[in-house]
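First subunit A sits with subunit B, and in the next complex the same chain sits with subunit C.
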Partner chain A sequence: MINKLLSKNNSVLWIIALASIIVPFFLPNRYFQDIAVMTFLWAGLACSWNLYSGYCNRLSIGHAAYLGIGAYSSTLLYVNFGISPWIGMLAGGAISAVAALIIGGTTLRLKGTFFVLSTIAFAEILKVMTITSKDITKGALGVFIPYEPGFSNMIWASKIPYAFLTWIYMIIVLLICVKMERSKLGYSLIAVGENQEAAENLGVNSSRTMLIAFVMSAVLTSFGGTIYAQYIMFIEPTSVMSLMNSINFILLAITGGMGTAFGPMVGSFILTPISNLLRGYLSSVSGLHTFVLGLILIAILLFRPDGILPQLKLFFNGLIKKSKATKGV
Partner chain B sequence: MLLKIDSVTKKFGGLSAVSDVSFELEEGKILGLIGPNGAGKTTLFNCINGTLPITEGTITFNGEQISGKKSYQIARLGIARSYQVTQPFGNMTTLQNAMVGAFCKTKSYNEAESIGLNALKTVQLDHKAEIVAKHLNLGERKKLEIAKALSTQPKLLLLDEVMAGLTSTEVQDMVKIIREINATGITIIIIEHIMEAIMSLSERIIVLNFGKKIMEGTPDEVSNDQRVIEAYFGVDEGDEEYA
Partner chain C sequence: MEQILQVFISGIFSGGVYALVSVGLALIFGIIGLVNFAHGEYLMLAMYFAYWMYNIIGLDPYQSLLINLAVMAIIGYLTYKIIMERVLEADHSIQIILTLALSMVLQNLALMLWKADYRNIRIDMTTDTTHIGFLTLSTPRVVAFVIAIGASVLLYMFLQKTYTGAAMRAVAQNGKAAQLMGINLKRTYGLAFTIGITLVGLAGLLLSPIYPAFPLVGSNFSTLAFIVVVIGGLTSIPGAIMGGLLIGVVESFAGYFAGPAYQQAAYFLLFILVLIFKPNGLFGRS
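And now, the complex of A and B:
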């Protein structure tokens, strides 16, 4: 593990994050632009997941639930009542907050595996409920969002506005994480993750700290869910709330570096394009792309168990030192 | 009276780890707590700071009853402790470790940083401020334990074997640090097995054995007391036969 609060030399990472919006403009076609949108979106989502699970060292393998709440809330409000997804996004956030308060209030005190299992259980229950309550959610058929481009509908013909939207989402989540790292909440949360009893003895109200972070994480994930729905324009329970989606949050965060503000972003910048490109180019043999992706993941986790970010930071620091040294001469 | 322990009992099932212990502590003093292994010293600390709920009795701190409160509430009221087995937040730097406690009295990052740094200076660990805590050696970890506790700006400090495993120079160092902390007005209860250190530091000493208070007095009185010697070395029943 690395020092989690090393937010001092983040300048290079900020530059990467801010500059990444240029990339979609240089991509040749919609296929590659689509990959860019998904990369930004998953970067934001993984950072949201990391806000609780990464800093507090407690894996939630059920964040697809909040992705689903965000997606379904805005979509159902839009399709049934014509309410703008921008407002639907806030509604989804509010519902996620309530759900996270109830779920977190009851499960956050569970330790280790039991917490992990409870998060999976909640996501699965929500998925089954969405499938069975056909009257509201159209069940397993899913919901189509009619194509009516416009800012207020959060629907555009081109991929570029989506790239902007997902990029802004990612930047906002990053800002929140970086701000939190330098606050009482961040310090308390990391301390609880390291050693709950020792943190309590230093005046940290651990259950309150965890609950606040958990709710923040759920709400931010839910915002991403709305964007996801408006981008794909079709949602159905088994794809939105799949266990695979839940696991993707974790894969990206671990690959980049758990418990660091920029780790999940780095993870998504690396893994999301790789996974999409493999799917595109290795389609001749079915299943081959997941096999290759698996090998890549294993390699990363074997050689960089702390994630890629710490290595990246060392590399940048080396470069900065070098350039300073040459200037000095 | 800063702290008043009134017939406190802590039972684990049928076993009384602490039974019917009472004492009072004035502000600004150093109180030693000694006794053989398993006498209930650490358990008593756990009861005072709320880690363990007590079975019977009451604990009053600064005129307020604290038994029954949670440990984070008690920490905020002004009781801090260090652990016998050090509990650093391994992936945070030394300074960040201290800042966690500092946030219990302030919300400002800069203020927390200066409180944390001050605590590190007190224990002479400020030169290691940017080192990740898991890379510290035992002596430094023990100091960090104290710094973390100090950063909560306590009125009462509970020190649990902060000198165990240290070299004799380190012990002298630590004794000096504890004196300095006490000189700033912080009351201290200290558990220690190194007799020289605890005898020179404490104004009064309480001896626990099998969870009971068997003796309270000045260091001189305690070291000459027959019951204390028996508790530590056992009753020599065979003496006469072999004489």
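And now, the complex of A and C:
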């Protein structure tokens, strides 16, 4: 039933995704444009996370590690050797791919909670490594990126180019997800997610399928990490690779709907602005905005565990039926 | 050599509290099959409660023990009734995210109510030391260790020797079959969750003369407890006790030889090695 809805209404969601780039142009100031940039970026990141964890129904609570690898690779190459972040982005992707191959190779066969815990463990180990190898990463002090605007430096004075960059990133990840959903890999992955043994009996090579998707997810997340670093212009292990960042991927994906191409995007479109506005307006009471986010998440999990997207789809379907009915009359 | 022994013993002593935290989690995980990532937050709540009891009424943590445990039991039971009971049948991933969200809520509630300041309880005993042979140990740590191990062993005896304990073990083995034998499933789950939270509350109370209370104090303990439980073989109470002691020792040695920054990394590494080579846990049955 839900699958039927999916195929029917992707067009509406594509229109929302593509049209969303207009929004930053209508926002009054840099503060709101910043929220738009973060919304696109986190939409892309959550979709990248979803590519493995959503479709395969195996939570990774360690994706901040790949965000960190992407951010640190490009930044260190840029700050130390003057290599353009565009190239650094690819380097970060390659390093993330290797890391994901190693991590995935050892942990993907673990079941349920074991896998989840192992992702946390790897992310924590990577964070400690980043903090302690001070010669390379400057440790807990973090790295500042010098402000030298220019396309080749991936640094701009205005927020609008960043909005374009993050939007393109989001669209590319969405395209990859939609393509994958309809490919042999996607079908195998969903099958493995629903019932690994049954999928294997039907001839799906489950470990290969999971590893490919896991690496893809890590690489796409790492690309987002580079963009994140170039946008914030300061990276530091305890904030970039925090457990809270890892949880944010899940928060957005769950809110929109896990295992659907557009779910995480919808989640980010709803939650990232709410979260940032709450942080802006409730900043006098520290902790209040995360408290509210947590309550929202609990409410969604208790009452709408499939996320908001299925509800939206039903709503759109209703609209379409209505318009057809009126045309018919 | 004496120094090595001192490091070893101090590891064992912090391991006692880890064991107590983990025993509660093993109980919840083993009997209900519920993954509780907010476990450490209850430790934080108990520490705050001990702090306020000391600061407002003037009862030190050991004097406020009973009332603290009663409050934790009530909080635990309410959590079970309001939230956990609804997701007993749900997917593990839903449970994990739900309890992560719960831990976000509790941490930030503490941040809002009590600010991020470190709250220390300074009783006379805090700075006391006990001498055993050539070893010098801080007295609150010795007390914490003795009570923690005592409580863990008591729980084990309870599960082995009493009717309710046997019912819990039956539910852990096969919930449906146990229900057919006339065991009230939901009440057993509720009891297991309440006991688990009370035990982690006891751990928080024992830590409060040694450790400052702050909103994020529990966050490390949740993952630590999970690691201990996995190393100990998931549902086994003796496994959780041994696992807790082992993690304490590993942490202590990593801190001594490589520096405090590596303490966490060391037990995460141990955890990954166990997952790869002995997925049933070091102390679990295959």
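Here, the second predicted complex is superposed on the first by the 322 of 329 C-alpha atoms of A that agree within 3 Å, B and C clash if a C-alpha of one lies under 4 Å from a C-alpha of the other, contacts with A are read in each partner's own complex, and residues count from 1 in each chain.
Note that a contact is a pair of C-beta atoms (placed from the backbone, for glycine too) under 8 Å apart; a residue touches a chain by one contact, two chains touch by 3 or more.
None of these values were measured; they are calculated from a predicted model.
Enquirer: Return first, second, both or neither, reflecting whether A:183 touches subunit B, subunit C, both chains, or no partner chain.
Expert: It touches subunit B, and subunit C stays clear.
Enquirer: Taking the superposition on A as described, I'd like to know which of subunit B and subunit C A:203 touches: first, second, both or neither.
Expert: In the superposition, A:203 touches subunit B alone.
Enquirer: When the two structures are overlaid on chain A, which partner does A:286 contact: first (subunit B), second (subunit C), both, or neither?
Expert: In the superposition, A:286 touches subunit C alone.
Enquirer: Going by the contact rule set out at the top, does A:83 touch subunit B (first), subunit C (second), both, or neither?
Expert: The answer is neither, since A:83 touches no partner chain.
Enquirer: Look at A:194 in the shared chain and tell me whether it touches subunit B only, subunit C only, both, or neither; answer first, second, both or neither.
Expert: After superposing on A, A:194 lies in contact with subunit B but is clear of subunit C.
Enquirer: Could you say whether A:172 touches subunit B, subunit C, both of them, or neither, answering first, second, both or neither?
Expert: Neither: A:172 stays clear of subunit B and subunit C.
Enquirer: Using the superposition described at the top, determine whether subunit B or subunit C touches more residues of subunit A.
Expert: Between subunit B and subunit C, the winner on subunit A residue contacts is C.
Enquirer: Identify the partner contact of A:114: answer first if only subunit B is touched, second if only subunit C is, both if each is, neither if none is.
Expert: second
Enquirer: Enumerate the contact residues on subunit B facing subunit A in the complex.
Expert: Against subunit A, the touching part of subunit B is residues 49, 51, 70-72, 75-76, 80-81, 83, 87, 89-93, 96, 99-101, 103-105, 107, 109, 112, 132, 148-149, 151-152.
Enquirer: Help me check something: in the complex, which residues belonging to subunit A touch subunit B?
Expert: Interface residues on subunit A, with respect to subunit B: 1-5, 182-184, 187-188, 190-191, 194-195, 197-206, 259.
Enquirer: Going by the contact rule set out above, which residues of subunit C touch subunit A in the complex?
Expert: Listed in rising order, the residues of subunit C that touch subunit A are 35, 83, 86-87, 90-94, 96-98, 100-102, 104-105, 107-112, 115-116, 215, 219, 223, 226-227, 230, 259, 261-262, 264-265, 268-269, 271-272, 275-276, 279.
Enquirer: For subunit A, which residues count as touching subunit C in their complex?
Expert: 57-59, 61, 106-107, 110, 112-114, 116-118, 120-122, 124-125, 128-129, 131-132, 243, 247, 250-251, 254, 258, 285-288, 290-291, 293-295, 297-298, 301-302, 305
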